[in-house]
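Data block below; observations after.
Going by the order they are written in, the chains are A, B, C and D; count residues from 1 in each one.
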Amino acid sequence: MADPGKLRGIFTPNMVPLDAQGKINEPELRRYVDWLIDRGVHGLYPNGSTSEFTRFTPEERRRIVAIMADQTAGRVPILAGAAEANVRETLAACEYYHSLGCRAVAIVAPYYYKLSPDNVYAYFQEIGRNTPIDVTLYNIPMFASPIDVPTIQRLSEECERIIGIKDSSGDVAQMIRMIEAVRPNRPEFSFLTGWDVVLMPMLLVGCDGGTNASSGVVPEVTRRLYDLTIAGQLAEARRIQADLIEFFDPTLYSADFPEGFRVAVQMRGFRMGVGRQPLSERHRTILRDLEKTLGAWLRKQGLDVASPPAPLPTLDPEQIRAIVESVVAELQHRGAV
Amino acid sequence: MADPGKLRGIFTPNMVPLDAQGKINEPELRRYVDWLIDRGVHGLYPNGSTSEFTRFTPEERRRIVAIMADQTAGRVPILAGAAEANVRETLAACEYYHSLGCRAVAIVAPYYYKLSPDNVYAYFQEIGRNTPIDVTLYNIPMFASPIDVPTIQRLSEECERIIGIKDSSGDVAQMIRMIEAVRPNRPEFSFLTGWDVVLMPMLLVGCDGGTNASSGVVPEVTRRLYDLTIAGQLAEARRIQADLIEFFDPTLYSADFPEGFRVAVQMRGFRMGVGRQPLSERHRTILRDLEKTLGAWLRKQGLDVASPPAPLPTLDPEQIRAIVESVVAELQHRGAV
Amino acid sequence: MADPGKLRGIFTPNMVPLDAQGKINEPELRRYVDWLIDRGVHGLYPNGSTSEFTRFTPEERRRIVAIMADQTAGRVPILAGAAEANVRETLAACEYYHSLGCRAVAIVAPYYYKLSPDNVYAYFQEIGRNTPIDVTLYNIPMFASPIDVPTIQRLSEECERIIGIKDSSGDVAQMIRMIEAVRPNRPEFSFLTGWDVVLMPMLLVGCDGGTNASSGVVPEVTRRLYDLTIAGQLAEARRIQADLIEFFDPTLYSADFPEGFRVAVQMRGFRMGVGRQPLSERHRTILRDLEKTLGAWLRKQGLDVASPPAPLPTLDPEQIRAIVESVVAELQHRGAV
Amino acid sequence: MADPGKLRGIFTPNMVPLDAQGKINEPELRRYVDWLIDRGVHGLYPNGSTSEFTRFTPEERRRIVAIMADQTAGRVPILAGAAEANVRETLAACEYYHSLGCRAVAIVAPYYYKLSPDNVYAYFQEIGRNTPIDVTLYNIPMFASPIDVPTIQRLSEECERIIGIKDSSGDVAQMIRMIEAVRPNRPEFSFLTGWDVVLMPMLLVGCDGGTNASSGVVPEVTRRLYDLTIAGQLAEARRIQADLIEFFDPTLYSADFPEGFRVAVQMRGFRMGVGRQPLSERHRTILRDLEKTLGAWLRKQGLDVASPPAPLPTLDPEQIRAIVESVVAELQHRGAV
């Protein structure tokens, strides 16, 4: 592959539609991928936090990326979340995603246990030395061990395969610190922000793009904010940034993340199914209220609130057998077979 | 099965020995299980945080419990960690551990995402309604979504299958609150503390036992603290509790958890292998220093510092083939075959 | 003064009654002091957190202690909060409280700024070297810079005048650590817990007493818990400890601290006046609800819910002058003067 | 006074030089004020966190502002920190600062106790209703109760006298939220950031200026960053912002705040004296190291590292008496008197 260049622009951390059995809804996922690409996102980012990667099995995580790689067919680059139970499993996932033609993988710092910076370094170093595919570090201190600036700097200097960082801290000063520490030596290293509410100031201090949940719902808006900021149209960008906060805050904070985003994607016309984390009565009420809030916001943006297409009837094998039998019987009765 | 009674006493959250390839070292795990039972622990608790459950694959987690159940052969009850990626996978694990004859499972609150109390409730309710095996809630707010007192109370009232809580917060007042909220209605509900440094005061306020990492290293000491406290020999218990803190603090805090415990178990004579989380140079130095600290402490306790038996030579298949061939050749040469 | 011995027992961190002008209500404070002593508290602790020391001026803090020292008249020891804006001012307060015959002062670690342990040490060292009166360290990590165990140990070894610590962290293991670090060298050093909800377990691990806000409301109950625990009557102590939690939790957590305690003291019959921190409508509602909760709890404890006596009429100087004049005129009229 | 207009630009939170006795060094404070004004700061901000307001007595706080108001003589506006022990004392300070001709006061949210948002509102509402001078809210969640967006919005709508907010959270998204909530109704309301490391992005999202500790050390640099950003020279601003981070981070984080800034101001040629918080040996070493770091940074900026003028000899009265006597004796000896 020729030098694929720097990661740049808006990479969508897409949610995964589920069917009535709670399994991956492949046709809807394919439709969603097309819809996102059509609306201008620069790349796709499966198996991130918005994608609920921890709620899928290792096999499902692979299947999600395989479906998306197939559907994308090279139209946009894929940045695939590849964190597994340990380094060995993670590297195996890296190889698989490499074989699928993904542009790079994103690997979240170890979570559950809170690791010290030196062991976070050791973890990524071992991955960086053995991965067959480019790696983006994924810093999300609210959920996982933080990746500090000296660690990022050292990894960027020692591991050519580590080519970027996706930072979801939302700390603009920290972004400047990272850029200052890395860019002089690695000008092609990519800095992506996962914190939609500061996308504009992040880009203005030198960020290359974002992996923004909002782009999974309103790719038109996130993309426009990106374009305006890059073009230096700051007054207009400021307005869109404020609009995006008005969307992001209730979607993120009113319900346990990422339930609000599931509702929001559904409102753009996708059958998302029922999430895997059971929801309380209180939460279901919150989400119904959120729907109203988001409906009003979407309409204000001039965007349609779509009803998802009626779910395809779901039949169990027994029902299918019965239907087939009755049809066959009817046909036989009519002398057709 | 007859009513197996309340969970009571010290349940050891055992680490898992690994071999030179980083795989589960089954013979050593069996030897370790015997050693623990011989030293008087009341039960075993695989797939907890000390057991590094998140660093094994779903298949490995099952295999660990299968080996231990087989080796234990009913001598002590097993409380098996059963948390998987989602409710469906968790319930499948519950069924499997049930089929192995485990006494109960322990299920940590959802982690990575921080859930609100009502959704923590919804999660455990769905499990509690469908599990074929008794369930112990596992509250460890430093790593996972906290399980608050109203949630525990409600689950204890609604789900008969939920029979206890393992609490690793170390908050003694919170333990009293939980006991007051649950015990009047569910006198057989079990309260276990996972915080070794307050085992004595926890037992004195009404706790039934502990799941204590120290018991995987010095089962003699943890068990003695339990016995003395239950017997009301408080002056002596106070001394042992202070001793245990002197062990626990450096083992827990000097290195990233649970690396210190791996070193400590090794010092009791077990081949633990190299952990799955890569360690930095700094960490390796810390662990060598910890070895000295723990050595001094063990000797002060009158306990031997054992060297683990030399690792069995590890041969790759190619080497084995070569050896066999040369032996066969030699035998042929001697006319023996 | 002869060796006054170790600080031991329950020291009440008393709130300060205010009059209709928001000033210290001296007669009510004196009445409150008598009431507390009559109900068996072992000492008094003005100018602590419950006493809202930060909301009084330096002059008022001195006056509160002066009134209480005068009213106490040596019946029980006084531990006076002496923290002021800086070391020089704090030492001046120490001298003044010494001149009033206080048993010791309590000095909270520096707050607002978060100091590192070495500067917390430097701060107390300078005070410990220059104070004319015994000093108790005051550790309250939720409000002020924490005082860690090495700092306490070092100060206890270097400063004879530092004779104890009041710890409001509620961390029982930390209490054991402190006792282990200090008691071997300073057996008379005093350990007091400010966290009522673990008073029993704290005493059982070796604590000498408590500075407990509950003792300012229900000194009968706090004292009884202390006595039962010291006497080894653990089953009964456990019951009282649970009762105390039932009181403490809503009083502490439902409203901003220490507003709930003001309401609670008022319910024992004292005119507390209106606090100096303005309260929102929502907070006033919360406090009215709390009154009902506490009323039920007090009655369950067999304690009377007293109405505070009607406030004494407050007269401004002009009114007083007019009354005096009219009385004098009347007396003159009657030929009496 | 005519409408003084919106607060805009860089307001310096100045440290206070102390003399050999640890008292306010008035001549040096006056010299510092002139130096700051000469270097272009738009206003002065005494009694803030950098100014160590909590370490001065109420009388000293007033004297600091009085000296500065006198020295400033109207050349730049003064924003005076006016938080005192309670609302009454705070309002008295407001009146005094009003009488001195200060432009406005800044009042930090209640600290020590952590207040809920509704009581933070109640506190500022009572001040806002009674103050004779314009008030700036001061939000610094790392040290004091946070002031949330609904509280700011409500206060801005209800209290005309509340004319701005100084926010030291450094949260750029929160700044956008505040501006969106307030500006439509109160276009003249001022938003100042106290977080130097994001001054540029804060200005780009709509902030009116800053109260930046760096401007007390390198007013040239802070002012230049402000001017470049306002002028839309973003590439150059980005460079200066990165430089400022290189200064700010070690000055803020290496030593307990604000000790690093004291050293830094001293390096610009001011006799700062010894701070009121006693420093450990370790801290003194840290500060000596910081001096080297800052020296290199200043030189890189083309700024001189000035030695503070030799301290004036400090003589105690006894020494002065002895000198006078010996001079008089000598003069007598010479027959001069």
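Structure notes:
Just so it is clear, a residue touches a chain if its C-beta (ideal position, glycine included) is under 8 Å from a C-beta of that chain, and two chains touch if they have at least 3 such contacts.
Predicted model only: the values in this text are computed from it and were never measured.
Summary of the copy comparison: rotating chain C onto chain D for the best CA superposition needs 180 degrees, to the nearest 5.
Averaging C-alpha coordinates per chain places the centre of chain C 35 Å away from that of chain D. Centre-to-centre separation of chain B and chain C, using mean CA positions: 44 Å.
Separating the centre of chain B from that of chain D, both taken as means of CA atoms, is a distance of 53 Å. Touching two or more other chains at once is no residue of chain C.
The touch graph of these protein chains is a ring, one cycle where each chain has exactly two neighbours. Contact between chains, using the touch rule, shows up for A-B, A-D, B-C, C-D. Across the complex, chain B meets chain A through its residues 22, 49, 54-58, 85-89, 110-116, 118-119, 121-123, 125-126, 142-144, 256-258, 276-283.
Residue ranges of chain B in contact with chain C, taken from their complex: 170-173, 176-177, 179-180, 195, 197-198, 200-201, 204-206, 232, 234, 238, 241-242, 245-246, 249.
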